[in-house]
Amino acid sequence: MEKLSASDVIAFLRMLADEMPTHKERLRELDAEIGDGDLGVTIAIGMKAIRDGLPELEGDEPGVILARSGMNFNREAASTFGAIFATALMSAGKHVRGKAEIEVEDLPGMIEAAASGVSARGGARPGEKTILDVLLPMAETLEREVAEGSSLPEAARAAHETCLEALEKTKEMEAKHGRGGWLKEKSVGVQDPGSTAICLMVDCFARFVSGGDQS
Amino acid sequence: MEKLSASDVIAFLRMLADEMPTHKERLRELDAEIGDGDLGVTIAIGMKAIRDGLPELEGDEPGVILARSGMNFNREAASTFGAIFATALMSAGKHVRGKAEIEVEDLPGMIEAAASGVSARGGARPGEKTILDVLLPMAETLEREVAEGSSLPEAARAAHETCLEALEKTKEMEAKHGRGGWLKEKSVGVQDPGSTAICLMVDCFARFVSGGDQS
Amino acid sequence: MKKLINDPFEFVDETIEGLLLAYPNHFERCEGSDRALKRADGPVEGKVGIVTGGGSGHIPVFLGYVGPGLLDAVSIGNVFSSPSPDDMLAATKAADSGAGVLHLYGNYSGDKMNFGMAAEMAEMEGIEVQTSLVADDVVSAPVAERDSRRAVAGLMFAYKVAGARADEGASLAEVKEAADLAIFNTRSMGVALSSCTIPAAGEPTFEIADDEMELGMGIHGEPGLRRTKIMSADEVVDEIIANILPDLPFEEGDEVAVLVNGLGATPPEELFIMYRRVVHRLDEAGITIRQRYIGEYATSMEMAGASVSLMKLEGDLPRLLDAPAYSPLLPQWPK
Amino acid sequence: MKKLINDPFEFVDETIEGLLLAYPNHFERCEGSDRALKRADGPVEGKVGIVTGGGSGHIPVFLGYVGPGLLDAVSIGNVFSSPSPDDMLAATKAADSGAGVLHLYGNYSGDKMNFGMAAEMAEMEGIEVQTSLVADDVVSAPVAERDSRRAVAGLMFAYKVAGARADEGASLAEVKEAADLAIFNTRSMGVALSSCTIPAAGEPTFEIADDEMELGMGIHGEPGLRRTKIMSADEVVDEIIANILPDLPFEEGDEVAVLVNGLGATPPEELFIMYRRVVHRLDEAGITIRQRYIGEYATSMEMAGASVSLMKLEGDLPRLLDAPAYSPLLPQWPK
């Protein structure tokens, strides 16, 4: 797959919505360790909301589909993650406003837009154990991949690899935001639950654009 | 020991009050199975109340010491067992009113008096899984022992043996009173907690009058 | 033992100490007893006194029902054990203003025997005493043996009704009549999901697997109807309603008051989920809910579980339920 | 999971259904939202509206504080998760009678972000919105970082005070000022003995051994100060008081209101035992208790544990605490 049409975006979101709830228990556990244990439930409910909202988005352009799906997630599963994730999707969607297809060249800007939206919404800066810590490295990787002329599947897989490495680094970070922030140094050692969810999504995206489940 | 003077009765009650709380857990368990699990605590608190009341009873006659001790038990550990046990001690005490010493010949009448007091207080009849089911057989045994000219230690040991046999028989009985009564046939199989407590007391008495711990 | 306590044998006395420190204008000790409390403004001249009592571990039962429009004095036993006749007598004297005293308590043999002795003593001292026993738990005995049933959360209805009737200046016989009507018209059944622990016993009263519940269990952990795998809230309510309705019976066209009572650990959210189903079931049966109480009105320490009680509303009962009453240990009366 | 529920994903909606069936004269849905409730008699003409909201699982927090003398509308999230901006907006509109709306809620990032979006939208629709955040838990951050502290049971004081001030006809700025004074003067700390379970998660949020407790745990099971062997009630209170007093600080001669709050499974008896010790400690410190609240004012489902909150009484606070207020989900206000 070299470009994502509106119906590709819908197909991807459907795949994502089917897959993510299977990680509910893992996300619950991570969030229970340094938060309140609701992230698994949030993902399960929010992804169902995205799925339920897709039929109504049939006919919209890719950016709108992403933005609306983010709002759908947070409407049913509002939460810190919900607000952050909705903001990310809305910012990414805005970045491709008016376009009928998403191309590999759009990806770096979309992720950068998501990152700055998230930062504006929640006030987080890099190194504070939030999803920013996977978004920003991915944006860099994607920029390099595009500069090197990589295909969409190649770029997506590279982004996923970066995401995993970045996720690993969140373990050593001390949380400053949300519930983890009350833990201070005790939050060190556990990988960031929200970033874990993002990595699982990027993995799903990489497999989607590679045209099959090759995980 | 052939007779119990007032100070013997006090010494016995002190031994009883020291010993009975060691059976707290066993009595709790039995009562939890067919009741509410408080009998162990009741015995522990009630026996402490008996012990604490003994100094004030110094100088009283045996019957008064018994009756007052029953009231002391139920003042601090009121309960079904408390009311029944206080009634038993008051009735037995009344039976030897005015006597300076308790002799073996007094025992059958004391236990009979206790049994009829208990029956009047709680309305139980033989075979209904209450302490009546150990008191009545003991009264019979004691009568026979006295007729046969047994010594006080002999009679007490015989009473204890009867008590154990009678206790065993309470297993097969269906409770009709107190909390066990709500269990109906489900109360069958478990020995009566209150009768268990009585047996432990009679054992203590038999050892006391035999002049030492020979259990 | 997951408890915030000190010496378990001081549990009851420290509770009373805290209560008296908290509400010195509401509660006072009764003369001559450490285990009996009265309304600080009682006895109320000319009013029939109402006395209750029972084992500790059920707050707001029993002492939480002392107050204006409710009861006058209470005697307090050890956890799950009867108070002593002395304490009951002290409460009875403290409640009496000359108009006589109603002993209103749950049908438990220990309480009955000890209250019986106290009533005899009170009468010897010239106080007229009548007795009404609450016996609302339908699973504890068949309806033909209603007299041997135990009391659970239905106590609340009896207290509220008797207290209001006494407040109206009714005679002892009239107060007892109102209490007896409330008692006769009330039926309850509960379910337990976990055990409670008597502090001084130190061990849970019963064992129950993580996926089990016991239908019909009493508020001291007395075994109930049957042990089953955990059922859904709707299934539990359906079974409770199926047991309660035919027992009185409650019939199409009846008006009732409903009490959905939490035993301790069960959160209010779950009580509302249950109440929802009660409404659906009673709607189907053509029974109208006139008043509802949802919350903790009779607990069993930290037991998880709940009970449903229905009182059929006849005669004075609606008026008496709605009469003003106050105790700092109760939920706000629904308007 | 020891719960009386049906489909765990229907937990919140069935709770709301039950609540609306129970108190139709008290609660109404806000227009356009299934997850926002308002006073049935609101908005009150000319009165500043007060809106709160947050995750489910804490009854009476949050929805139980809607009522006369209290709050006007509430938005309701999933268990332990923020409500959505749409629901918050619906509540804000339903609370507004033209005098503006105070958003008064706990300092949690999810709620803050979502309420932030709702406030923006409300302002675009011409509703004046101010925000006050409750942040009373002293162990969640040092006093220098008070802005990042989380809210626990101290919410009650802020609600009661703000509600009473709005009832007096105060302006939005004045209501916010009263709420902020209550918030500034309130300090809390809790202890957890057992976990709660989010119904849809199905597993307890944290593991804790049978003989352990966690000092300073938050009301969602957020890790606290330290894990220890179970301490006696007196020791726990002593440690809480030692953490709270210097934080404001509360000093000799101060007058305070005290809240001893049960988290769910801890029985009232234990709260009174704790309150007893609070009185002893404050007596020693020369601090006078003017009003006390003992019961379940903010829960964490079936968590065992309790918290102690102190609010220093200054200015209008005593008057506002004593003002009339009503909600069927709260304990009776102590007199």
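Per-chain residue numbering starts at 1, and chain names A, B, C and D are given in the order in which the chains are listed.
Heads up, the rule we're going with is that contacts are C-beta pairs under 8 Å (C-beta built on N, C-alpha and C of every residue); 3 or more make two chains touch, one makes a residue touch a chain.
In this text the structure is predicted, and so the values were computed from the model without any measurement.
Number of steps on the shortest path from chain A to chain C, with steps defined by chain touch: 2.
Seen from the Cα centre of chain D, the chain whose own Cα centre is farthest off is B.
One finds 33 Å separating the Cα centroids of chain A and chain D. Inter-chain spacing, taken between the CA centroids of chain A and chain B, is 74 Å. Centroids of chain C and chain D (each the mean of its C-alpha atoms) stand 29 Å apart. The set of chain B residues touching two or more other chains is empty. Counting partner chains per residue, chain D has no residue touching two or more of them. Contacting chain pairs (ordered by label): A-D, B-C, C-D.
Looking at the complex, you find that chain D touches chain A at residues 9, 55, 77-87, 108-110, 113-114, 117, 140-141, 148, 150, 198, 200-201, 203, 205-206, 218, 220-223.
Listing the residues of chain B that touch chain C in their complex gives 24-25, 28, 32, 34-38, 40-42, 44-45, 74-84, 121-122, 177-179, 181-183, 186. Contacts from chain D toward chain C in the complex involve residues 1-6, 11, 14-19, 21-23, 25-26, 56-57, 59-60, 64, 191, 193-194, 210, 230, 232-234, 236, 264-276, 279, 292, 294-296, 299, 301-302, 304-306, 326-335.
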